[in-house]
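Scrolling down, you'll hit the structures one after another.
Heads up, the next two complexes both have subunit A, just with different partners, subunit B and then subunit C.
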Partner chain A sequence: MSQPDNTSRRAFLRNTFTLIPTVGLAGGVSLTAKAAEAPPNLSDYQPAFFKSDEWAFLLAACDRLIPGESEGKGPGALDTNVPIFIDRQMDSPYGHAERWYMQGPFVLDGSPDLGFQYPYTPRDVYQKGIALTQAYCQKQYGKRFEQLDAATRDQVLQALEANQVDFAALGETQKLEASEFFSSLLENTKEGYLADPIHGGNKHMASWKMLGFPGARASYRDWVDQHNVDYPLGPVSLTGERG
Partner chain B sequence: MAKQQPRVDAVIVGLGWTGSIMGMELTEAGLNVLALERGADRTNEDFAYPKPADELEYGIRHTMMQKPKQAAVTIRRDLNERALPQRKLGAFLPGDGVGGAGAHWTGVLIRPTPTDLQLKSFADQAFGKGVLQDDMQIQDFGVTWDELEPHFTFFEKVCGQSGTTGNLNGEIQPGGDPFEGPRSEPYPLPALQDTQNTEMFDKAAKQLGYHPFPNPSANVSRAWTNPYGMQLGPCNYCGFCSRYGCLNYSKASPQTCILNALKQRSNFAYRTNANVTRVELAPDGKTATGVTYIDEHGEEVFQPADMVVLASYALNNVRLMLNSGIGAPYDPVARTGVVGRNYAYQIGGGIHMYFDDIEFNPFATAGATGRMFNDFSPGNFDSAQYGFIGGAKMHSSQASGTPIKTPLPKTAPKWGQGYKDALRKHYGHHMKLSMTGSVMSYRSNMLDLDPTWKDPYGMPLLRMTFDWKQNEHRLSAFMRDRLREIADVLKPDYRDESFNLEGSHFKVTSYVSTHNVGGAAMGTDPSTSAINRYLQSWDVHNVFVPGGNAFPQNFQANPTDLIGALTYWSAKKIREEYLKNPGPLMAQS
Partner chain C sequence: MTARFILPLIAGSTLLMASQAFGADDTTLERGAYLARAGDCVACHTTEDGKDFAGGLAIESPFGTIYSTNISPDKDHGIGNYTEAEFAAALRDGKRADGANLYPAMPYPSYAKLTDDDVHALYVYFMDGVEPVADSAPETDLSFPFNQRWGITAWNWLFADADTFTPNTSADPLIERGRYLVEGLGHCGSCHTPRGFAEQEKTLDDSDDSYLSGADLNDWWAPSLRGGDGGDGRGVEGWSAHEIAEYLKTGRNAHATVGGEMTSVVAHSTSHLTDTDLTGIALYLKSLSANPAGENATTPDQRRTASEKTAAHLTAAKDLSDGERLYLDNCSACHLNDGKGAERVFPAIDGNSLANADNPTGLIHTILAGATPPATPTIPAQLPMPGFGWRLSDEEVATLATFVRSAWGNDGGAVTAEQVGKVRDTLKPSPLNRAPDANGRLNHDDRDPK
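Entry: the complex of A and B
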C-alpha cells in the first residue's frame, strides 16, 4: 500500500456514524459556541506546512502509530485527521517554539534529564527527522518510508524509537536523536487523536466515543456521587458538536 | 535614560496570590499601591465556558504559564555539573499573567503542622547525633503556629476552604485529621463530594489503622461569600481544574477571591506586560528607591516607590534579589551568604492501579478531590529508626480525567493496535495511590545567577542546583512500602509504581510539582536567612519578599495555605509597625 486508502476510510466513517448512537445534550449544559464547520476530508486537505513528500511520510507513519479499524477495534489516526492536526500545530506557537527559550549557546553533550538542547523548533524537528528517516529507508531498503509495507514501516518506527537509527551518521550535526524525533511524532499523534476537534484532529470525537470521555461537558455536579456506574452521555466538543 | 513614572507609596512586583493579598492589605492601610505584572491581564471572563475545557491548550501547551523565552531557569544536579537552560517547561509550571499560578493551581489548601514550622527544634530533640545527613541545613521558620493561626483562618475564609475539621481548639473532631494543629474555627465549608477512588482509599486506609480525611480544598463545595464580599459558586466537578482557569467561579484564585474587590479601590492600580528587571537601591544600598521594568513597548521604565514588595513567585523573587544586589548571595563552598540558600522542593511518588471492572469516571472531579492521611508527618511516627527526617501526605487524588494524560500500565504497547486496545481497556479504570513528600534543605541545593545564559532584557537567568538526596530516597522507600500495603488491600488487576529511590536523580523533563520553595528563607538569624520573620529583607528594610521562597525547607504538603498566611502575617506587621516607623523590624544581632 503506497497511499492510505481514503475512499474506504470515508466509508468507514459513514459506518461509525450509524453504529454509534448520538446522544442528545444533557440538560444544564449550555454551549455558547456555534456549531462546528464540518471537518475536512484528509484526502482533500492541502497541508500548509508539510511539503508533499513530507506529508506522504506523515500519513504513512501516523497510520502505523494508531492504525485504523482494519487492524482491530477503534478509529485510527487517519480516520481522525491526526495529520491535519499536526500540520496545524506547526503553525501554532508550539510549532514555532514561540514560548520556549531558544537562545544559545546550545550545549549538546549534557544529560538528557536536563531537557532538549538542540537549536530546533518542532518545525525543524519534523523537517530534519523526516529527511533523515527517509535517508535511512533509502539506504536500508532502497525505498521511501511510505513505499514500505506495513511490517517494514513498523520496523523502521521501532528502530527510531529505540534510537537504533544513527541520525549523526546520516548527517545530523546538532545531536537531534532518532528517538527524540520519534517521541515528538508519537506525542503529537496522540495529542491529535485525543484533543478537542477544534485543533483539527479527533474527527467527530471518535476517540472520545471509544474511551467514554464526555469531552467539554465540564459539568458533573449531579454525577460525581454516582459511583461505579457508566456515564451515559456522549461527548460534546468546544464548538458544540455532539456525539 | 529610562522613562520615569510618578512615585507611589508601594510597588508590588507580580499580581498572583501574594501580590493580590499585599495589594488588599496595603491599600487598606491607605497607601497608594501599584502592581506591576509581567504577563497579560486576565479576568474571570477569560475563563468563560467552554474555553477552559481544552486539554491541549492549557493542560499540554501551558498557555497560561511562565514563558521560558521570558524567564527560563538553568538547572544542574550538583555543583560540578554544567547547568543547562530548561528550554521548555517540565518539572514545574510557574504562573504568568494576572492571577499568577493562583489562576490555574489545583486548589489543595492545607496547613503545615505546628511541628513543620519548628522542624529544626524537633530534629534536635528527636534525632540522635549522626542520624541525619551532615550536609542538611534545616531551620525553624521563626514564626510559630499560634502566631500564624489567625492568618490561616482568614486566608481560608478568603478562599472558602472546604473540608472536615479535625482539631477544633484542641478537641479532636470525627472525620477530620486528628494530627492537624488546633484550629480556632472550623473549616468554612463542608468537604467536596467523594468519588469512587476516595471511597476505596478511605476504606483501605481505615482498615490499616490510618486516619483518612477529605483533601482540604479551595474548590468550594457550596456557594460562598468571602470577607471581601466576593462570591464563589459551588464547584461543578468540571474535570478541567488543575492547570486550568475555573469556568464556574468555584476555584479560589486571585480573580475569584480578591481582584474585583481590589480593583475598586481608588488607591490601587496595576499595569500588565510590565516585566520588572531589578529593584533600584539608594547609593548606600540600605533602601530601595523603586523598580525598573520593561513595558509592553520594550521600553525601560523606572517606577519610584517608598516600598517594594516582591510577589513574583519563589524562584522569581530570588532572582530579582540576586539581580538587584539585595542581600549577600549564598556561596555553598565558603558557606557564606544567604540569598539562594536553602532551596527545596517536593518529592512525589505513587502506585498506579488498574481495575478492569470498576468505573471511576475520572472526568467528573474537582482538582482537589481526594482523601489523604497525615499519620506519616514528622512527630507522628518514628522515622529516626529508618534514618530519615520528614514525612509525606499519603493520598488518592483524582485531579482530572482528560484523555491525553491517560495513564496506562507500563507494559502496555506505546503505539500500534495494542496502544489503542490498552486505551480502550484502561481509560476510566485507573486510580492512583500517592505520596507527596517533604524535601529538606542541603548545603548544595541552591539558587544563584547563571554565568552564561541571559533573558531577552540582558539579565542573567536563575541557576538551580538541585537533586534528591539520601534522606528523600529513604523517605520514598518507606512510603512506597506503606502504599504497597494499601494496594494489597485494594487488589487491583494491574499495578505499577514510580518512586524516586536510591540512585535516582532529579529530571527536569516531566512534571513534579510547582512547589518550589526556599532560596530566600525567613528566620531570626541574618547569617542563615535572607529575610527576617516578617518577610522583610535583612539588608534593605523597605523590601518585603512574600512567597514560598520564605520556607527554610519544605513540608509534606502543598505550600499555598502557608504562603497566604505568611503574607497576611507580614502585612499585619507592616501596617501596625513598619509604616509608623520605617526601618528594620528586627535587630541585626
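Entry: the complex of A and C
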C-alpha cells in the first residue's frame, strides 16, 4: 500500500476514535449455537424472495456490475455471494420499507430533489424493475437478459443507468424510472460486496482482503502512534472469522 | 493505614445515614432495616420476581436443592408468630420455632455473633417494617439421609458453637466494628472460607489462617479476602483499604469490577452500608495476613517485565499465536494490550484473581456469557461486557482463556475445549450473549410475544 493511503487512514482513525458498546439489551437466543457457520455456495442457495427467473436476472446483472477475477483484479460479485446479500435484504425491514413513511400522498411528478415519490418498497422496485427490464430485452433482442452475451448485458445496464429505457412505455404506471431501478441495484451490489459477511455477502471477507480493510476489530488505538509501519493483521468479521 | 487517615478519603452522603443509624434519636426499626441489608437477607429469602422476604429461592447445595423460607411477618406462611426468643434462636442457633433444625445454608453459625441489641432491632424490623406475604415457599425435600433434620444437631455440636461477638477492647473500635460485620451479618466466610469434610467452614473467625483465604463456590473462585502483608499480590493484599471500601460501595475500583455471585451481594447489601462501616470492614480485612505466596509465585518485578513483554508483542501484532490473535480480535479494544483495561470501567485482566484462579470456570463463564456490573446507589450505570459464546467456538475460547491466563504477569493454567463445553452447557439464554439476526441487527427484541 502506498504511503499517502497509510497516512490518510491513520488520520481517519485518529479523528474518528470512539468506543461504542455494541450490546443488544433485549431478547435471547440459544447460547449453544455458534453463529459462524460457513457461508453457502451461491449455486446451492435457495432464494427466499426472488423467484427463479428473477434470480437468474440478478445473478447475470451482479456479474456485470462487479465482474470476477477473469476480468478484474479482485473477486467478483458472484464470488462473494452478493446476490445472497440482496435476497436477504429483501426480507429485512429495509426490503419491506418498514421504517420509511409509505402512506402517501404519492405526488408522482414531484421535484427529483425530494427523492423518489413512487409507492414502492425495495421489494416492489426489484420485482417491477426486473420485469420491465426483461420486457425491454425481449422487445430489443428477443431474449431474456441472462441469455445475452456480456457486452450486450453491459449495453442494457448502461441504458438503464442513462434512463434510456422507457419504463412508462413498457407499462409502468407509478413513474418508477429505469435509472432509479439501476441505482438501487448498483447500490445494493456494492453494499453486498463491502458489508460484513454476517449480512450474507462479502464471502470470507474477500473484498476486505483485496482492499486491505481490517474489518470489525473494535479499536485500532494502538496504531495511532505507530508511524510508517504497515498494518500487519488480516481482517476479522463480526462473527469472529479471521482472514 | 489508620482509620483516621481513611475516613476523610471516603466522601459520601451515607455518612449522614451512619450517624442516624446509630444515633440516640434513631428508631430501632430503621436500624433493623439497615442490619437486614448488612446481612443480605433478601439475597436468599427473595426470588428474582418475588415479593421481599417471601422466600422460595432455590439454593443449590452439595446435598440437594434447599428452598429458602418465607421470613415475612405473615402469621400462617411466614414468621409472624415468632417470639423474639424464637427469632433469636432461628438466627443464631438454626432452630425453627417448632424445634426442628434449619439447614446450615442459613448462615446461623455466623449470625451467632450478633449482639442481643442487633437481634432485637432485626426482630422489630421483620415484625413491623416488612410487608407480610401470604405465600408458602416450596418445601425443601432432600433425599435420605439429608432429609433427617435431627442429624444437623450433631453437625451443630461439632461446628456451630460460636459465641456472641465480644469486641477486643484494646483494638481500634472501627476495625472491631468491621470484624463484627465480616464475621457476623456479612457472613463473608460462607463463600470465602474453605470448607471441610462436612461442608463446614473450616473456621468462623480469624483464629485460623484459613479464615477468608478463598474457596471454590459452585466452581467459581471466591478469592481470598486476607488483605495484609505477604501473598502473591493477586488478591486484596494488593488493594488499599480505600479501594476495598470503594469496591464494596460501588462494585468497581481501580483493580476490578465485581462479577459472579458477589454482584448481587454488592447490589443488595454492601453498596447500602455506611462509609464508616465499609471502612471498618476494609481495615479489618487489611489486618489479616495474606495467604502465603506459593512456591512458584512470581515477584512483582518479574510480573512487571512479563506484562510489558506481552503488551509490546500485542502492539506490534507480528507473529501472533492464535490466542494472541483472538485477544486482539475480541478483547483488546476494551481491556487493551497491556491487559489493564480502564479504571472503574473495563476491569484489568493482568493480575485479575478470576483469571489466575486454579479453577478457570469463572473466567470461561465470563468470556462465554459476558457480565453486568450491579447498579449501585453511587454508580447506577451498568456498562456490561457482552458474551462471546455466540462468536467463539469451545476451542477458540479455550485458546483465548489459555492465553489470557499466561499473558502479562498472569500464571493460571491452560484451559481445554472440554472445560469450555461443560460451562457452555450450563448457560442460560442471555441478552448479553446473542448473535445478531440474519440482518445483522443486535438491538431488536426477538422474544416470543406473550
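In this text, the second predicted complex is superposed on the first by the 205 of 243 C-alpha atoms of A that agree within 3 Å, B and C clash if a C-alpha of one lies under 4 Å from a C-alpha of the other, contacts with A are read in each partner's own complex, and residues count from 1 in each chain.
The rule is simple: a contact is a pair of C-beta atoms (placed from the backbone, for glycine too) under 8 Å apart; a residue touches a chain by one contact, two chains touch by 3 or more.
If you're wondering where the values come from, they're calculated on a predicted model, not measured in any experiment.
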### Message
Contact-wise, after the overlay, does A:66 reach subunit B, subunit C, both or neither (first, second, both, neither)?
### Response
first
### Task
Could you tell me if A:232 is touching subunit B, subunit C, both of them or neither one (first, second, both, neither)?
second
### Query
What is the contact status of A:107 with respect to subunit B (first) and subunit C (second): first, second, both, or neither?
first
### Query
Looking at the overlay, does A:116 come into contact with subunit B only (first), subunit C only (second), both, or neither?
first
### Task
Mind working out whether A:88 is in touch with subunit B, subunit C, both or neither, as first, second, both or neither?
second
### Query
Given the superposition on chain A, which partner contacts more residues in subunit A: subunit B or subunit C?
B
### Query
Looking at the overlay, what does A:218 touch: subunit B (first), subunit C (second), both, or neither?
both
### Query
Is A:198 contacted by the first partner subunit B, the second partner subunit C, both or neither?
both
### Task
With the two complexes superposed on chain A, say which partner A:40 touches: subunit B (first), subunit C (second), both, or neither.
neither
### Message
On the A-aligned overlay, A:171 touches which partner chain: subunit B = first, subunit C = second, or both, or neither?
### Response
neither
### Summary
subunit A positions within both the subunit B interface and the subunit C interface are 30-33, 92-94, 196, 198-199, 217-219, 221, 226, 231, 238
### Query
In their shared complex, at which residues does subunit A touch subunit C?
19, 21-36, 88-89, 91-94, 196, 198-200, 217-219, 221-222, 226, 231-233, 236, 238-240, 242
### Task
In the complex, go through subunit B and note every residue touching subunit A.
48-56, 60-62, 67-69, 72, 75-77, 81-88, 90, 193-196, 199, 234-240, 247, 358-361, 363-365, 401-404, 406, 414-417, 419-421, 423-424, 427-428, 452-454, 505-509
### Query
What does subunit A use to touch subunit B in their complex?
30-33, 64-67, 71-74, 76, 92-94, 97-103, 105, 107, 110-117, 154, 157, 161, 186, 189-191, 194-196, 198-199, 207-208, 210-221, 223-231, 238
## Note on the structure
In the complex, subunit C touches subunit A at residues 314-318, 320, 325, 328-330, 332-334, 336-337, 368-369, 383-384, 386-393, 396, 424-425, 427-436, 438-440, 442-447
